[in-house]
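Same chain, two partners: chain A is paired with chain B first, then with chain C.
And now, the complex of A and B:
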């Protein structure tokens, strides 16, 4: 397990924060770009806490994955509720037959993988439970 | 002097459950057993559950997370080396000057961490402190339903409380401890499952003796009868042990059934949550409790108990709307069979 990428990704893996463009309101997650992808403003970012709920924009179902994953496993692009942002995430506790575009989901903190005895957690989505 | 207290609390419980009768059936045990317990999903760890509970506690407390000056993570099942407390501190967004500590080896670690936080608040070293209890307990295969630490009780969950001096929902009143050093349960590096001492001996000389001694010592300190305590919350390693301890604490026989069904006693719904037992129970009580009521919490583990009394205060009602209700975790659940329970607890895995 290599430490530098783990260290670099701490904020991305542990905090659910994005960068909001002060010029146009576009929310970037997880990558940091100097230039806003939407309006081209340079270095006009402020940190913003992302919403833990959202809506499935589109999805796929993966059937062939390493044994630590339970398949079939839905993966989706989720549009987060305001202040916005879009994430690409693995699902958890989600049946593939329940997946649909427009499904309301919530974001949960889960283990993504473990290697050399170290568990690396980050964010997954699951159907919204209220 | 203003006493510090709980300013917010939160829980996180797994979605999956197993009926205890399914465990008995898997081992061909001809017993009738009611109840169920939580089963962690394969991607849930004490850290992930603890962080989710901490998020819920912060939202309930309604405080900025930068004001949290100490994060204590309590667990029987976290990493032996490496810190989960620091991951939670980073995740919730504390300042880098935060004090962090991981307390291992006993469910009693939760009440020890509460004392550490209260001391730090009283000395004005910190404004708020976060105490997280999270555990994934796994019982030995084929163990008896009558034993604590067995498959029938070992469960998973997390709870968190935030302690501070402002907008308190439950004010700290007093604490009493009792310790004899009895070894009732242990697990070495090589052990996959906890090892337990002799059943009835560790129940009577261990759990019940310590809970009663600490509880009675606290009641005499605050000059109070057990009948004056509105909510009695005990460490819950086994339903029968809790029933017996409530009786020995002086609760009349005809009231025990009601006390066992009251908020804060969850052994038959969630199982033994280890270090998460008391914060989950406190959250259950604070969801229903009213100002002026008194709570008694008694931990137990590793040969010692801490009894703490709390007085519920006015903000409990106004802050209720900020909480993620425990009802959410009771309402949404899915039962798994015994094999899946083993797989999700990482007792068995696919051959590759």
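And now, the complex of A and C:
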């Protein structure tokens, strides 16, 4: 892993900030592009602070992963609360039997392991305790 | 019907864990089998161009070494797991355009030379810039569609198991299949879970393989065979779940787009399809394919297997070769092998898995895109 991609991605990696399309409302995160993936509008973005809570749209539970990951590990596609955004996240403190479509969750961004002296982060979610 | 581009030969090899065979060994065998399959014979010097489908390793030019096809144009085509069918599609366009009269399409993939297989290397923990998809795996991305389909439409793991049982049954009869054993719904449901809702027998194996087909322009096709199979049309669609559309998590819109284009070009509807080889890297993929290819309505895919429509003796047999689940999925070879199987079916030479009296067949693959699978899809339609 070289420095330039880390430098390019620093805003995305350290701020939970998305871009919202002024034309169609699509929220881009974690990837930013000049052209909206949903409607094709060019340079029509406004910065939005993303919500840390959301709802499980769908999920799976991984039983086989590289040793850095504890299994079984639920993984989900989470729809963030307004202003929106859809992310792919791995779970923490969540058992297979806890999982269901529609589960309310809180989402965080945490280190999952070290590689080559660098911290390797990922989205993590856990059930929301309201 | 469209009579512009004909398939005139097809050469398979036995798919499997071929540790004793190199990429070149596999290509040589498939290529020579393909030459020998042409009814009235063909000389290599009659081949004017070639397309190579390989997802991971080779340039087009490298195909010249094992085939001896130097000094003709050879291009490599790559489009994720749709690589082989996309190579075939592009080769057909070139023949239809009248640029070449006889073209070779070769698909190959060496999946088992790396520890854990090529996919394990590719999927789970790529560089730091890819943290966004950490712990992603192929069964994860397909399984995510399954869970949502269960939630919205009432399908379940038993439906998926029935697809596994069907494809393993077909594979047990197909001479070139990697896996040749029968299984039961109970065995599939009780197998180790890989990525819930997918268990071991819901997943295709990691397989080495190669396949070649020869196509010819209508002007010369009869020189090679009296029973050609005519390419009727193709489609290709590209999409991504990252666009935020819900339809991307209950199916593959890319497949629907590719199918629409192919049906339109062929001048037929889904009801005209009599046999199909579709992408079943996982059982859930095949269930979604039924819907996206228009064989049934969205949300009714599980009824196709429940009612036995897609069984070998059903009204629309799907994956008579055992599909990727039993035959294996050597990426670049998979699509070309599906074409080879539909070619045999339409000529009535498919042996124990022959579907009686079929005239129109469909071939379909789904491929990986950025950060997610199911992003590229290719459909080809053939007719005798």
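One rule holds in what follows: the second predicted complex is superposed on the first by the 125 of 130 C-alpha atoms of A that agree within 3 Å, B and C clash if a C-alpha of one lies under 4 Å from a C-alpha of the other, contacts with A are read in each partner's own complex, and residues count from 1 in each chain.
Heads up, the rule we're going with is that a contact is a pair of C-beta atoms (placed from the backbone, for glycine too) under 8 Å apart; a residue touches a chain by one contact, two chains touch by 3 or more.
Predicted, not measured: the structure shown is a model, and the values here were computed from it.
**Q** Report clash or fit for the pair chain B and chain C bound to chain A in the combined superposed model.
**A** Aligned on chain A, chain C fits beside chain B.
**Q** Taking C-alpha centres, what angle do chain B and chain C open up at chain A, rounded to the nearest 10 degrees?
**A** About 150 degrees between chain B and chain C, seen from chain A.
**Q** By residue count, is chain A touched more by chain B or by chain C?
**A** Greater contact footprint in residues on chain A: C.
**Q** In the overlaid three-chain picture, which partner chain does A:118 touch, first (chain B) or second (chain C), both, or neither?
**A** both
**Q** With both complexes overlaid on chain A, does A:67 touch chain B (first), chain C (second), both or neither?
**A** first
**Q** Quick check for you: in the superposed arrangement, does A:108 touch first (chain B), second (chain C), both or neither?
**A** first
**Q** Who does A:57 touch here: chain B (first), chain C (second), both, or neither?
**A** So A:57 only meets chain C here.
**Q** If we overlay the two complexes on their shared chain A, which of chain B and chain C does A:98 touch? Say first, second, both or neither.
**A** It touches nothing on chain B or chain C.
**Q** Just the number, please: smallest Cα separation between chain B and chain C in the overlaid arrangement, in Å.
**A** Superposition on chain A places chain B and chain C at a least C-alpha distance of 13 Å.
**Q** Residue overlap on chain A between the chain B contact set and the chain C contact set?
**A** 68, 112, 118, 121
**Q** Considering the complex alone, what residue numbers of chain A touch chain B?
**A** Checking each residue of chain A against chain B gives 10-11, 14-15, 67-68, 70, 92-93, 108-112, 118-119, 121, 124, 126, 129-130.
**Q** Which residues of chain A touch chain C in the complex?
**A** Answer in residue numbers: 1, 5-6, 9, 13, 26-27, 30-31, 37-38, 57-66, 68-69, 72-73, 75, 77, 86-88, 90, 96, 101, 112, 115, 118, 120-123.
**Q** For chain C, which residues count as touching chain A in their complex?
**A** 124-125, 127-129, 131-137, 139-140, 143-148, 151, 192-198, 240-246, 249, 371
**Q** State the interface residues of chain B toward chain A in the complex, per the touch definition above.
**A** These residues of chain B touch chain A: 15-16, 41-45, 47-48, 51-52, 55, 82, 87, 90-91, 93, 328, 331-332, 334, 349-350, 352.
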